[in-house]
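So, here's a batch of structures to check.
Shared chain: subunit A. Partners: subunit B in the first complex, subunit C in the second.
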Partner chain A sequence: MASSDPTAPFHLESYYTPTLPEGGDHLTVVTSIEAAQAGLVAAPQQRVLLFIIDKSGSMSGNPIEAVKQAVIQGVNALDEQSIFGVIAFDETASIVVPPRPATPGDKTNASSALHWLHGSGGTAFSTGLDLARGLLVNYPDAIRRAIFLTDGNNETERPGAFEPVLNACVGVFECDCWGLGTKWTVGEVQEVARRLNGKASLIPGPGEVAAAFRAAVEKAASKAVANVRLRLWSPQGTQLTLLKQMNPTIEDLSASGVRISPQVVEYPIGSWAPGESRDYQIDVAVPPGGLGEEMLAVRPSVVYQQAGQEQEIRSPAGRVVITWTTDEALSSRINPRVAHYTGQEELAQAIQAGLEARERGDDESATRLLGKAVRLATESDNDDMTARLKRVVDVEDAASGTVRLKRSVDKAATMDLELESTTTKRATRRPVANP
Partner chain B sequence: MICPKGHTSTDPEFCSECGTRMAGAALAGAAVAAPSPAPPAATAGVQTCPQCGMERKPDARFCETCRYDFRTGLPGPPPDAAGAQAVAAPADPALTPAAAPAASAASPAAPAGVRFWEAVVSVDPGLDVDPDPALPCPTDAPERTFPLDSPESLVGRRSQSRGIFPAIALSDPGISHRHLMIYRDTTSSQLEVADLGSTNGTFLNGRPSPLEPGVKTPVGPDDRLEIGRWTRITFRPRP
Partner chain C sequence: MRCPTCGAIAPEPSRFCERDGTRLVDDNNEAAPQTASNDPATTPCACGNTAFDPDGFCTRCGKARPPASRAFDHVEQAPLPELAGISDRGRRHPWNEDALSLGAERVGEAGAEAVHVLVVCDGVSSARDAQHMAQLAAEVTRAHLLESTRTDLAPELAMRQAIAAAHAALLAAPEAAAAPDDAASADPSKSQAPGCTIVAAVVRAGQATVGWVGDSRAYRLDLDPPACQLLTHDHSWFNEMVDAGRLSPEEAAQAPERNAITRCLGPLGVDAPGEAPEAGVVACEVSPGQMLLLCSDGLWKYAEDPAALGALVGEAAAGAPLALDISRHLIEFANARGGSDNITAAILQLS
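Entry: the complex of A and B
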């Protein structure tokens, strides 16, 4: 950290085992990217925030009233430079509040417009998303985000409509998604969030909507730079075999890479707030080098647009330089940060497989897998995950992973665990002593 | 600027083509690079196979006698079985005539200026002769191309838990984690393939019997391998 340029808007640091065994031809790297607290962008950028609200029949009554109040509170928290809008959808979508600056007058107008909103009709996610896209394309230079809320399955969707709409939204705006209650499908909501660089979460009841929206508005307001890309340069003959975000959540980005030149691939990594940091795992296959030879295997950099100009930020600490040795004590050492995320991924897989096994009635596998998850969560001090697991299983001995499935489980607890299974604990910042 | 491997580099520190540290560039960790580039062959030359005691051929991955794997430390089959196979293979009438045309087709092609190769991986639903509804063939999977510039390219299925990261990582469920190896001779650019004892075997150019595990077979332009449930790998020269 000391070697970094304190004025650089982004700092990159890579963690890996720099020595490969003789003939070694692959390595795994964890690259941390951290945005600067100050000076991330020269001039503040315009922000647009849309609320996309499910107004289907099941929302009528308490839920829709709670959501209205939450939207009003969220809008009131915006500063006057922000632009906001509200869209409501059932089988079709309509504009409740067209995009406008968050001035005191327009905030009042918005709350009276929301009074007319009531729940009726079916649920087709694509209508709300498509309308949001149509509004947001008009702000090409702004940081565009949306907050999406539903309480049901995407059941009135026209066949084949959803996928093309979602594809069209990618790159136009980012979207955090919420499911209210438990009568919605995790996979459907997660898909929207995953593709649109956001997070899917569960809101147990109408009472908690306001708090969730307040947090989301704060998050949207904190973003300072949009459409950031992670650029990876690698020499001839090497192959990037995998790129995954590992923290805050596990997201496989391998398929989203865009090849810029034979040696350069770029991956979109969304919008960033000052001080935000994320970790990425890069797997790379290299042609084995001679003993003692030194090679730059990957050079990551962060690329974004500022005032119409492309900025590329490189850090010396981000470079991945490897060598080959016959000393097995050196080459067999696993970098602690790489090991940490390998463990967190194993944890996520154990939870997902365990919940799936319980769903099909295979209690034996579910007990074993969720027990393994409890053990891994405890070992990695992932206390949030341990707490979530304890709502689904009774822990007898965390160290050995001995658990019993709870006989009656709150459905919300299960859905919450599934949604959060890919949320990882951040690798510790302090250096870990090598064994 | 010219790098130690002869590329023109635009970067003074690491070659902008191959990533090798440029001569004279300050070494970050001098201790790491301290071992002078002593001929690696010399160290490797004195190495003997821990399984049968045979001297290791320089840079060879497998022991010539017992097929012990120097890289992974996995033993080859018992020496007597390996010997029996080696003797039996050429005598097998089904294999000998089939192997000959492949070798003759490939060998003259390689010296004729083919420097670099690539492997084209495609999904052929026609190969999935016994479809399993639980494992649907991904008929819409795009064709993928892998350069074969390394001396060895592993083909297989990735395994995080077993630490297997093939250069050509495929998701076909019928492919073994370590399925086959594609070798490229760095001087002649001749390609060879060897099955690594895969569960479901490697089939060359539609032949009914799979390749003998551990035996290198030369391949050339338009030679095809069929592996797993539906995967086809075609070799072709890269301009």
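Entry: the complex of A and C
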């Protein structure tokens, strides 16, 4: 199906500079994918949502009580067609609430089952994830999501157990991860979220768990189609050297590509909700063509299963058609959307490097890098990022990136900044400032 | 064959009706026969693959389906021993977007007077339709110029009208209306619209009337002793700056846009609908022994100085060869220098 009409389930649009210089052999494309608001799928798909809760010793008391309440509230928000379950883990995992439909009766039973949950023991992420996988493989056609919560490091994990379990979970379910408090490691939790197509976020304290879970349940419930793939056709002699999601967050997907034929590679892009949109960057290496020649360099499409049949959606505006020219004025142009995301990536890198420098006591570098981040965030009107940065630095002049490190910084503020550093501001149709 | 629109009889092979520019098809509704097949369905991609996706791109190498015209890669026309021309793709461009159209008639009482018409067009822009536009402009201009010699119309006026007719034909062509549907491109559609330059000459009774739009040129040459006079004045950014006194020749020669043309035929050449590019027109005498050379920039860029071009033509004309031989010599010269653009040269030897 090729369509740019509003009723198409997905719309693709590619942004790039179509004129390469003579001998030009590479280009960068930003492809925007948007799911239709209405009519994304013909019939609603079954949803399965599991809560994977850390019940280690440190969770004992307020934390586990707050989580129990939040789970109950979250489950109450589910519709009756959804299936839910609860798993708790320490060094081992166990089912607290076996998967069942979210009917009123089952919700009440779940509440009772949760009552007995209390905190004790160590922490081994893989046990909870593996148990979730074992349950969710029984629903191969459903939209399968998990909400994972921990408050500490993965310290009781058996050596070598984590990687294989995580690998086995890929493609079975998607997982949003929450770290409660500040005694957990951003990298560990992000690893789970990244591999399982979700987001890692920080919850400052027990009082904020309910709101976080409500948002997570809403997000899970909004998904209408699962196992969507981005399929890229390119001609012989062309290489796709990079594929990165750039919005809502920066994720390098290059390694997850599967070549399904000599000229076609597919990348899993997870489940989508109506109206959802994401931007992807594609770097392409092409054989230089003759002056004036036109070449279709990449043709992206969106692929998913519906009623047992594969659907492939293309848009004319998604095609990447390039030509070669001696006109330097044309070939030196940079597409505004491409430039925007290049800038957002630079911003993410500045934040990460700045936080790392601060961590190891290199205040001079930290000041310079976080100052650069403030400047970039200001230039791209990324107010969210500026607000986060301001919890870590005092800003003297945003335009020039002049900042001072705050003497005492809330650990939650630096962890939150680190977690959100890869969240980008979406490129708008008309950029405010010229790059 | 007959033109389906106006009924005029067209000599074969012709792509366009000489009178109204209608694209010609033969009775079987296939494209007019060419020296090579130009049916898109059978012309394979340069990579050898014969399958194209619905948008016209090769399913193997991704290149756009070749515009149906390898046929114009090397075109030779020699209606008379003294009137000939060649249009060649050159060495670098994937297809030939230059066009050549030559004509000759005998007019007046008992057809005592010879009239010669030469037209050279150079398709502009990377749009694939530039080639079609150039072919159309050249043939419509030739047809009008030949027609006008059967009337009393003043030569300069006739030239302006012929070029205006060519411009109108380009605007009316279906390709001109189709703006590319490419939301991805930041370029205004103007730079994708097709257009072409033109230089045309009518020679009758020792008078040459030359008209042009763009940077295709006409020269008048003497052979003994060799002399070469540029008759046209390029509509180029360089000339515009220098003529207006805004830059010195040295300064203008530095600018990267020095060779950009400032006028051409077709949708690309006008800023607003309804406008028409103003042609340059010049008239001069031509005497027996002299020669007219019309050419595209694919030739003169390799011999910008008229004196150099004069020497080249003198060399080509040694031994009194036919106009076609002289044309060949010029094409070979340009290709030997690199052939970075399409090359077209048309020659008329006055006797």
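Rule of thumb we're sticking to: the second predicted complex is superposed on the first by the 425 of 435 C-alpha atoms of A that agree within 3 Å, B and C clash if a C-alpha of one lies under 4 Å from a C-alpha of the other, contacts with A are read in each partner's own complex, and residues count from 1 in each chain.
The rule is short, and it goes like this: a contact is a pair of C-beta atoms (placed from the backbone, for glycine too) under 8 Å apart; a residue touches a chain by one contact, two chains touch by 3 or more.
Model, not experiment: these values are computed from the prediction.
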Combined model on subunit A where subunit B meets subunit C, clash or fit: clash
Which superposed partner A:Glu345 touches (first subunit B, second subunit C, both, neither): first
First (subunit B), second (subunit C), both or neither touched by A:Ala285: first
Which of subunit B and subunit C A:Tyr16 touches, first, second, both or neither: second
Which of subunit B and subunit C A:Asp25 touches, first, second, both or neither: first
Which of subunit B and subunit C A:Thr241 touches, first, second, both or neither: first
First (subunit B), second (subunit C), both or neither touched by A:Ala211: neither
First (subunit B), second (subunit C), both or neither touched by A:Leu296: both
Clashing subunit C stretch [against subunit B; choices 7-15, 25-33, 61-69 or 169-177]: 61-69
Set of subunit A residues, in rising order, touched by both subunit B and subunit C: 18-19, 234-238, 289-297, 299, 321, 323, 325
List of subunit A residues in touch with subunit B within their complex: 18-19, 21-23, 25-26, 28, 234-239, 241, 283, 285-297, 299, 321, 323, 325-326, 342, 345-346
Parts of subunit C lying in touch with subunit A, wherever the complex brings them together: 47, 53-55, 57-58, 60-64, 92-95, 97, 126, 128, 181-187, 191, 256-257
Subunit B residues within the subunit A interface of the complex: 13-15, 17-21, 27-29, 32-38, 40, 43, 61, 71, 146-147, 149-152, 154, 158, 160-161, 165-167, 169
Of subunit A, residues touching subunit C in the complex: 2, 13-19, 234-238, 263, 289-297, 299, 316-317, 319-321, 323, 325, 328-330, 333, 335-336
